[in-house]
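The next block holds one structure in the form of structure tokens; read it before the comments.
We call the chains A, B and C, going by the order they appear; numbering starts again at 1 in every chain.
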């Protein structure tokens, strides 16, 4: 099979690139230099707070050459207080939160089950995922895990930056078929045959069109049909009919024998595969700490979320509140060393609000103990990540996960959810622009 | 025979002074439109990836919203200027129109419609299907995507310029279009124009219930129906063909009279 | 007008200059029609059957085979009305699908490949030309829209699957990926991700109760052929409707400064070329 690679050899691209370069120089001076995430920040906060919560996400590397591999692993929980306006995850797919096909996905699994097909997922259950991606288009790409839920759209996990180096023209995705063919590169597989057949039929069509177009066309033919004296037999002659009949026979013969020849060349083919995978969730772990939200406010000028919660430890070991996870933002309680230990130094900084989580009483909650505490997640991230727009949502119930740790670092996860009341003013004259308050 | 030849030579000389139609202007405008289309496409190639993936970023504002603002201010200005020019320079003495000038105006009209079709092709074929490819790359987070800013707020207002312009040209310069409004012409201009207001339905659907980009969903069928109206160009073609045959008939008679008079 | 200054075209005399002018008109209108049909037909097709046409893993044996001819016979049928009844040209269907294919290939390359990085092997358009040729020849030979519908439109749909199998077969070879059986086409689209188009969204054959020995494509083709006949008949008439020369009096006429003396003699009463209905719609076929 001849191989074609458009982007490698295209003169059009050269011209486009040259013009693009000129435009870059000309206009980029006005455009701040920024690498972009892709759209997750403008998703409604309820979508990000109450659907899929990703945690323990790891990226095996942050730089690969073209054809190099990156493995993204982690877990996600589908939040039980699922927004009422979204369909349940009856059909879901482990997506690939990259800007399109800049990376090629070679493998993906949910709980060890191949995720090439969609599957049904359950609320309030946890799943483990793994995606293997191969560098294809050089550049600086934001790589997220993602779950697509039918009717709800893409639900993105945390994103990390990945640099792909090298030449795109070196990319190859080979595979061997079960019928014995070796495919060097799926990007170009089969194109020779495509061009041959498309070209052949276009050529035949052009012959047919030119056969008619070469004669005086519109006004003379129209006049011949509408005026007395027009000779209709010259409009369509017996030669035309003969030529047409010949073309008809030739077309049918080419299709018939072409089909036979194709079938002979590829005797073993399969239809598109559209079954659904069956994925069992991870074993259910009972919620050790029961969380009840008594009151929650979002302080608009202070850019902080404050919750008054009652915690009850139903487990047999003490539990310390170490982390509040919502919308891929990890608010870590700096007073809990076990929680701090879970933070990988290479974890994206923009997903770790520096102020972390403030808890009015961080002492371990003893087994059987019930305690009411104030927790505060204050950070500019509420604005920059546009989570504060929760106050504009018709459904302003917040949601997230609370991570509790025992003294050995063993973690249990509790869901937290409750209505959120915004606070627009405060006595210290703080504003969103001037969160410290005062005259400033 | 000699007289006829003389007449033909004279006629040819007249043609040199007054060509069949304003081909130069049409070619110039077509090239300008082509240049604009190439600009838009290159702009997409450069800024869609570097500044068009996240609408909350300042870079998006600087590149894409700037382009949008320029489009939304310049193109409507072109509407006003072009349409006003066509209107105010209308022929107020259509009764005195000579067949040769009328034929020339018919050809100008056909050239105007050619530029319209040229823009329509870029909008409804080139940039429209590209839309399907780009929206597979991003997590769509705004109505103003790099694809939509060019497709809906660039190429479509541009074809409206030429669609309405050609209609006005016919209405203000050709007697038969001045006295009787052509319904197929109206359809061929209004239908594609209505794609723009129909965008409201599209964005409404994508905002409230359709998160995934499937092109064949009923949400998009409004565009389809508007697109059908382009078929009314068939009716317009028949109408122009009838008019032109009539004008050519008058032209031949006039020439014969002229030849006879000279003889 | 004597011998050297006029020509006979289809039995009628044309002054040479007029014949030359008519050829210029031919070329301009051909260019307009190419652009307009390519644009409008492409828009119609991409928004009714486009997803199947765009992606290699949507080209299934059920919906792709059923829907594509039904949605694609529309413009050919409407244009056949105009081209055949007004100009006796049996090329409308071929012309329409060539226009469509032109728009698609331009787009798959510049849009899907150069801009959005999809490999060409993922985004090949379907071929409709053989069916369109047969549709045109059917009209040429029968000269009648009903017989064309029964034979040509039927063949238009029946030929669709075998025509495309020529190039599609290599994408239906079986491969094993992660211990699963999939086709090459499935794997191409899995590998070169569409961020906003997850697997479940594909409207493809998901296994049927009875596939009659695996003949899904044949069954789908026959059903499509039946509906294509009906579509052809409907769209022939849509073509008829939209090709009508209908006018209405210009109510702005006086405002424009025109008076009755400005009206061409034959339009004042007879309007374009038909019968006047006292200022109401004036129609002429």
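To be clear about the criterion, a residue touches a chain if its C-beta (ideal position, glycine included) is under 8 Å from a C-beta of that chain, and two chains touch if they have at least 3 such contacts.
In this text, all values refer to a predicted model and were calculated from it rather than measured experimentally.
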{"item": "Far-end chain from subunit A, centres as C-alpha averages", "value": "B"}
{"item": "Which of B-C and A-B has more C-beta pairs touching across its chains", "value": "B-C"}
{"item": "Mean-CA-position distance for subunit C and subunit A (Å)", "value": "35"}
{"item": "Interchain centroid distance [CA atoms averaged], subunit B/subunit C, Å", "value": "21"}
{"item": "Subunit A and subunit B: spacing of chain centres that average the CA atoms, whole Å", "value": "38"}
{"item": "Shared-contact residues (touching 2 or more other chains) in subunit C", "value": "22, 25, 29, 86, 110, 114, 116-118, 194-196, 198, 201"}
{"item": "Multi-chain contact residues (two or more partners), subunit A", "value": "16, 38, 97, 99-100, 148, 153-154, 218-219, 222-223"}
{"item": "Multi-chain contact residues (two or more partners), subunit B", "value": "41, 45, 136-140, 212, 237-238, 241-242, 244, 248"}
{"item": "In the complex, subunit A residues that touch subunit C", "value": "1, 4, 6-7, 10, 12-13, 16, 38, 91-93, 95-107, 109, 114, 116-118, 136-137, 146, 148, 150, 153-154, 173, 175-179, 181, 183, 186-191, 193-194, 196-198, 201-202, 204-206, 208-209, 212-213, 216-225, 227, 229-232, 234-236, 240-241, 244-245, 247-248, 251-252, 254-256, 258-259, 262-263, 265-266, 268-275"}
{"item": "Partner subunit C, residues of subunit B touching it in the complex", "value": "1, 4, 8, 11, 20, 41, 44-45, 48, 90, 92-95, 103, 107, 110-111, 113-114, 117-118, 120-126, 128-130, 132-140, 171-172, 175-176, 178-184, 187, 212-216, 220-221, 223-224, 227-235, 237-239, 241-244, 246, 248, 251-252, 255-256"}
{"item": "Interface residues, subunit A side, partner subunit B - complex", "value": "16, 19-20, 23-24, 27-28, 30-34, 36-43, 97, 99-100, 139, 142, 148, 151-154, 156, 218-219, 222-223, 386"}
{"item": "Interfacial residue positions of subunit C with respect to subunit B in the complex", "value": "1-2, 5, 15, 17-18, 21-22, 24-25, 28-29, 31-33, 35-40, 42-44, 46-52, 54, 75, 78-79, 82, 86, 103-104, 106-107, 110-112, 114-118, 123, 194-198, 201, 203, 238-239, 242-250, 253, 256-259, 261-264, 266-268, 271-273, 281-282, 284"}
{"item": "Sites on subunit B touched by subunit A in the complex", "value": "38, 41-43, 45-47, 49-60, 62-63, 66, 136-142, 209, 211-212, 237-238, 241-242, 244-245, 248"}
